[in-house]
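Next up: some structures, all given as structure tokens.
Consider the two complexes below, in which subunit A is the common component and subunit B and subunit C are the respective partners.
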Partner chain A sequence: MAGKAQIPTRNSALIAMIADEDTVTGFLLAGVGNVDLRRKTNYLIVDSKTTVKAIEDAFKEFTSKEDIAIVMISQYVANMIRFLVDSYNKPIPAILEIPSKDHPYDPAHDSVLSRVKYLFSAESVASGRR
Partner chain B sequence: MSGQSQRLNVVPTVTVLGVMKARLVGATRGHALLKKKSDALTVQFRQILKKIVSTKESMGEVMKTSSFALTEAKYVAGENIKHIVLENVQNASLKVRSKQENIAGVKLPKFEYFTESETKNDLTGLARGGQQIQQCRAAYVKAIEVLVELASLQTSFLTLDAAIKTTNRRVNALENVVKPRLENTITYIKAELDELEREDFFRLKKIQGFKKREIEKQAAAARKFAEEQFEEKEAPKKGVSINSTHNFLSAGKKDEDIIF
Partner chain C sequence: MAVKEEDSHTQCSEAGEYEEEEEEEENDTQNGEQNEKRHHPLDDRHALQFLDSLDDYLIQMDSLSSILRQGWLELASARHSMGASRVNGALLDLKFHNASTSLRVTQDDDDSGVGKAHFTLSKWASSGNGENGSGEGKLREDKSPQLRHRSISPLSETPEKTSSQIGASLIVDEQVQKERLKSLSVFGTLVSPKLRTAQLSFETALGKLVEIANTRSTLLSAFDQVKEEIEGTKD
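Showing the complex of A and B:
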């Protein structure tokens, strides 16, 4: 396919996170956290003091790194950098918007889900689902 | 239609007509194949759409459960558990493996997670709340499982979307541009060849008529010549020279009047 990004096959890739402290703690407990030689982490804890600039930088860094397959981002954080998330269109790493504890999940804001819903309404495949 | 008057710029010959016909056959076959591919991709796409919606719903459930498990662990083991966890991060023990799946020539990524080594947080919560912490970890691993599945679905969705768009564009291009153009070229060449044939036929007719007239003329000349020959041969037999026959009546002396 012309213009289509190549999908690399690799045996081990990381899951990156941009989320609030509790969510990150939970996933770190599950064992996705990684610290490389330069003491760079594959996660960013977003609290009230984190600037939008820092989130943007982290997002750009995670999406450009080669050893990251999935970037999980809390939905309220994704809303802060919505323009970046919406303009991102590469297949790998995949961007996943996850719900966080303090903020209710709103499917309307999810960039992928909104496209899914749009296609659903256009094709009326699952008209009875929602 | 805009493509009606379009045709390729070719020399109208029988050879080119053959080439064009072969190309039209190729284009038709390619169109049929691409159409089939597009249909197959669309079927896959619909399935993925359905799966994405249901997985997104279950993701909400799983995240809720895991958050609750974390709250439980915090309650039992104390608030400072998160500092211990954050400090203990070294190497990822839970990683993602990505491989490709081939659907109608489109490569779709497929993620699956695997645990590489033992987690470093084994001693976390040794003092109190160890069981809750293990439960919390299990809940989050489960969440990862769902999220990884969702990620591969989502990536497949985006890749398939792009692939379907390109395939449909090709199908439409073949159907609406390439095929009409080839058909127009073929009709053009056929018309041109017919014209040539008619011209040729007319010319042959013309030549035939010309030859016929020429033969008739020659025949007439020959006949005339033969008659002359014949006359020349006959004249001496009658005893009158051919020259004297011309002024047979007028050339001689004036005859005396005859009175009856």
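Showing the complex of A and C:
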């Protein structure tokens, strides 16, 4: 899965964000923001008015763009589109679930950890090793 | 009495030797069984690497949480001193501009030939003024391995080289300061010092985020290898 795919070398790839206003503002201060000629941004600010459809579309767009290497998404936003986040298994762009102001990071919901959790089930280890 | 004590001591030592021999025999048989069970000598290494990267991932996530908390607090302080209308998302620059901070993605081949993505952060590298900015960014990036090398053997460094490196780092620092100010200028020319510290906190968070991305890459690569080995032993 992650290791088998060929990874093309890119010299200036972007970091995309789907998060709350303060997180996006902070990372934009750090110089992550990019606006292309069509005025499309590499971030989506999620507030109470943002629809799940808009989040889904942004996630699909960011994960399909070739110039994006990392998509960081607030974990509570990722929970809204969990089916999409969990089904994504490409190495690039890498999806990173980050905490937000009102929702602390919960490892139990992290897509990466739920993917590797398989190895910790006693059944799979026992049948594999013995 | 002394003779008796000596006798008992020799008996004890003999009994101890027998026990040791028995233990050695048991250990040999256990080792033999373990060697038979172990099809690949690298099994444990991959499993250990997987567990290590998993542990690292969780620790780094915890660290990211605290850095971000600091950043949010500083941003809130800046908003408090400057006013909510001066620090909000509506002021963000929506004109065409390139990201000043970008990533370099390379394929990092493992010993076992499995490729995994490796991310390198290039801070304040590509500004709107084109080639100049990206060149300095490269300079900054190329410098880091040299610095690491220098720390291993500090005596081998010549004074001329050091002065030229200091000069280069000053140019880079100037460029970085310029880019930082440019980024802050969205919120006005006179900004709260808290906003500057918030910017630094989010820069640190960004560095941590890239570390997490690399750990995630190692974790998934190790996971794939362990999974393959488990499936191999099932067959």
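In this text, the second predicted complex is superposed on the first by the 110 of 130 C-alpha atoms of A that agree within 3 Å, B and C clash if a C-alpha of one lies under 4 Å from a C-alpha of the other, contacts with A are read in each partner's own complex, and residues count from 1 in each chain.
Keep in mind that, in the parts below, a residue touches a chain if its C-beta (ideal position, glycine included) is under 8 Å from a C-beta of that chain, and two chains touch if they have at least 3 such contacts.
Nothing here was measured: the structure is a model prediction, and the numbers come from that model.
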item: Subunit B versus subunit C as contact partner of A:Lys49, first or second or both or neither; value: neither
item: Touching partner for A:Val116 - first (subunit B), second (subunit C), both, neither; value: both
item: Subunit B versus subunit C as contact partner of A:Leu37, first or second or both or neither; value: second
item: First (subunit B), second (subunit C), both or neither touched by A:Ile98; value: both
item: Set of subunit A residues, in rising order, touched by both subunit B and subunit C; value: 1-2, 4, 7-15, 21-35, 41-42, 45, 69-70, 72, 91-92, 94, 96, 98-99, 101, 105, 107, 110, 112-113, 115-116, 119, 125, 129
item: Footprint of subunit A on subunit C - complex, ascending; value: 37, 50, 54, 57-58, 61-62, 64-65, 68, 71-72, 75-76, 87-89, 92-107, 110, 114-117, 119, 122-126, 134, 179-180, 183-184, 186, 195, 198-199, 201-203, 205-206, 209-210, 212-213, 216-217, 219-221, 223-227, 229-231, 233-234
item: Contact set on subunit B toward subunit A in their complex; value: 46, 49-50, 52-53, 56, 59-60, 63-64, 66-67, 69-70, 81-82, 85-86, 89-100, 106-109, 111, 113-116, 119-121, 124, 133, 136-137, 139-141, 143-144, 147-148, 150-152, 154-155, 157-159, 161-163, 166
item: Contact footprint of subunit B on subunit A as seen in their complex; value: 1-2, 4, 7-15, 21-35, 41-42, 45, 69-70, 72, 89, 91-92, 94-96, 98-99, 101, 105, 107, 110, 112-113, 115-116, 119-120, 123, 125-126, 129-130
item: Residue ranges of subunit A touching subunit C (in the complex, touch as defined); value: 1-15, 21-37, 39, 41-42, 45, 69-70, 72, 91-92, 94, 96, 98-99, 101, 104-105, 107, 110, 112-113, 115-116, 118-119, 124-125, 127-129
